[in-house]
Amino acid sequence: MKFEDIRAEACVANKMLPQSKLVDMTFGNVGVFDKERGVFAIKPSGVDYEKLTPEDMVIVDLNGKVVDGNLRPSSDTPTYVEIFKAFGVRAMVHTHSRAATAFAQALMPIPAFGTTHSDYFYGDIPVTRPMTADEIASEYEKNTGLVIVETFKKLNLNPDEMQAVLVAWHAPFVWGNSGKKAVENAKALEICADMALKTLSLNPSAARISEELKDKHFLRKHGKNAYYGQI
Amino acid sequence: MKFEDIRAEACVANKMLPQSKLVDMTFGNVGVFDKERGVFAIKPSGVDYEKLTPEDMVIVDLNGKVVDGNLRPSSDTPTYVEIFKAFGVRAMVHTHSRAATAFAQALMPIPAFGTTHSDYFYGDIPVTRPMTADEIASEYEKNTGLVIVETFKKLNLNPDEMQAVLVAWHAPFVWGNSGKKAVENAKALEICADMALKTLSLNPSAARISEELKDKHFLRKHGKNAYYGQI
Amino acid sequence: MKFEDIRAEACVANKMLPQSKLVDMTFGNVGVFDKERGVFAIKPSGVDYEKLTPEDMVIVDLNGKVVDGNLRPSSDTPTYVEIFKAFGVRAMVHTHSRAATAFAQALMPIPAFGTTHSDYFYGDIPVTRPMTADEIASEYEKNTGLVIVETFKKLNLNPDEMQAVLVAWHAPFVWGNSGKKAVENAKALEICADMALKTLSLNPSAARISEELKDKHFLRKHGKNAYYGQI
Amino acid sequence: MKFEDIRAEACVANKMLPQSKLVDMTFGNVGVFDKERGVFAIKPSGVDYEKLTPEDMVIVDLNGKVVDGNLRPSSDTPTYVEIFKAFGVRAMVHTHSRAATAFAQALMPIPAFGTTHSDYFYGDIPVTRPMTADEIASEYEKNTGLVIVETFKKLNLNPDEMQAVLVAWHAPFVWGNSGKKAVENAKALEICADMALKTLSLNPSAARISEELKDKHFLRKHGKNAYYGQI
């Protein structure tokens, strides 16, 4: 089997989605990118997670063309192409996890309210602007990717430090250094969104975490001075 | 066994209800309609889901008369008769799923806040007007069906594009092209209601999804130009 | 074994509590009353549900004296004595189920917002007045029962039609025609409380269900004109 | 194996965390202190709960030095050192349980709204002041412990009567007379936080439980006049 490594990594990560309670029905998928060969493995559209095999994964290049595989790739494929091209990340996840999606529907970023958030994400989780009628009418999924890239440019965000985004009126897209890590980040995003909802319910004008505490928690887990875990 | 096909389809779909976490206790049931023969199979009243067999299903005609079966049909039967007669749909589900029921109790439609909603339902989920004292006093369950039909006429809704309704102070009724699909729609309804509750908690005056994005998501999954799934 | 019937009924019902997700840790218990003999079987205090056997149940009379059994009865025993004496019901449940307890802590009745509520309870679930310093200082658990009885008298409630009450700053007490039915009522109470919380979150001044619809739903399931279930 | 008793007690208690649904991923740990030998057993950093063995536990002294064990201790270790030194408690738990963390993020104490709370905690669960830039810049985890101790001094709280605290913008730290009891207290804290969130959603200016009822419930379970359970 060709592209066995990314097929296997994508298959395992897709199967993690329902176990992680991040997806209802078939609302979600994972893609794993091989930067050197310029292709990624992605879930076929509308197939149940428990039936997925590595063979079912669809291999797509950075022009969005299917290179290998018998099934149709996820309808999110053109979005993933733009993110892999612009950010060069290893793995992408898209879910409609409920609390994070509520922020996307309210067109609100998820505020960085505490250390749980800062252990994973450096600052507020950004939300894109709503897409225009033109962007929706033609090449909608590709334009979804482009509006994500535009958001990161406008806010001057580094995709290595901020591995998640909310698409307005839609839902989160999340990435990471492996298929498994991207799913873990998507799980962390949902937990932070749930806690942020509760925090705002207690105090609608709650203050964000201080800059110093945000830096402390993010940097003890990420980058060259990290000291968390068994290293 | 007569009517074996609709008995089997209704039995399987009824058993999906507790697994889907849509019903508590015995608050819910599914009916499956055979348009050609003009009869439907429905859950017997007050029987536990796990004990149901296809034989237990009750076969009812469009006058609400039991045609086949030893048990009493669900008390919702006269409501289903009116919906099957007016809308001609294959399968109906009634649940008291919690977030959707909260909207019914607040006499509020579920606003179309995002793409998750628009992937399933074309616009706000409508809520009926409260029933009058007269409608409640006589033929209450039949009148529940009639007020649903009235709501669709008044709002000029197409039951193929809007496969759910909230009955005021009561709960949702949902339909679909098969028993299984009706239950899936009922699950999608509850997810959308839960997300809408959270969206309104973040911003009580949150704006609805744009018309263009609503159309895009509904039409890529429904109708002749659909391109989602393995087709 | 003496009192085997009420011991068995109480034991089964107590074991239903953690399965029903109504209790966390050991916050809850069931008692089953034999009106003719004037005694009831109740859970021993602070014992895990899964280890309970019928032998562990404690038999108590209407003076609160242990008549049979080796363990100490639940600390709620004197409360149960007053309810069994005043209302003559078959079985009592006490839980700290979360949504119902939130209403008790907010000193608010649970409003009758819909048919789910009216299928089980006839009108708002009442909340007692806060207990006085004197009532707390001496015979606290007995006085908890007396304040429940006082609440029913003051509001002119019939304990056959309203099988639940919230004790202010404390939690719900619920009853029914059998141990199993009392637990089912406690489950219905928690579901209604959860839906009422969500309804109030959507509209803090939501209107209650109409009198006619309330009557219709309660009376189709209770009393001599009931027509729900297999009869 | 040296320190077998505290290793075993800490291992069992750490394994209780995911079962109790108090922790997501690896956000939480338990430490068990042997006051006589002046050392405690703590979870290694970033290791999955299900794989933990007593051998994996790390033994640390009150200078924060590893005395026995091959893995790196939890990054919370210097916090635990300060608490064990100042309060002399048997066992500590740290989680990011969601409702309690929301209060920590909102910089709000958890109000004592009812008897469930008072059965476990004597008064409001305190929240520390935010830590200063200096406290974060150097010896952050140690200073987290010191700000907890400062909070108890300032509020004149007794760590035997108040076995939990919220660290501002962070999460709860909880203790108890054994590893198992500390986890039980952390579970009770999360339940009380969840109920308090719901109580405040019903009435943002809800009154606290009366002093008399608070005393009654706390003292019937704690101290020399307790009469709850099998004694």
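Every chain is named by a letter (A, B, C and D) in the order it is written, and numbering of its residues begins at 1.
One rule holds for everything that comes next: a residue touches a chain if its C-beta (ideal position, glycine included) is under 8 Å from a C-beta of that chain, and two chains touch if they have at least 3 such contacts.
The model shown is predicted, which means the values in this text are computed figures rather than measured ones.
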{"item": "Same-site or different-site touching of subunit B by its copy subunit C, using the half cut", "value": "different"}
{"item": "Angle (degrees, nearest 5) of the CA superposition of subunit A onto subunit D", "value": "90"}
{"item": "Chain whose average C-alpha position is farthest from subunit A's own", "value": "C"}
{"item": "Where subunit A and subunit B are represented by their mean Cα positions, the distance between them in whole Å", "value": "33"}
{"item": "Subunit A and subunit C, separation of their C-alpha mean positions in angstrom", "value": "47"}
{"item": "For subunit A, residues that touch 2 or more chains besides their own", "value": "201"}
{"item": "Chain pairs that touch, as defined at the top of this document", "value": "A-B, A-D, B-C, C-D"}
{"item": "Subunit D residues touching subunit C - in the complex, by the definition given at the top", "value": "113-116, 119, 184, 187-188, 191, 194-196, 198-199, 201-203, 206-207, 209-210, 212-213, 216, 220, 227-231"}
{"item": "Residue ranges of subunit B touching subunit C (in the complex, touch as defined)", "value": "24-25, 27, 44-47, 71-72, 75, 96, 98-99, 101-108, 130-131, 133, 136-137, 140, 169-171, 197, 200-201"}
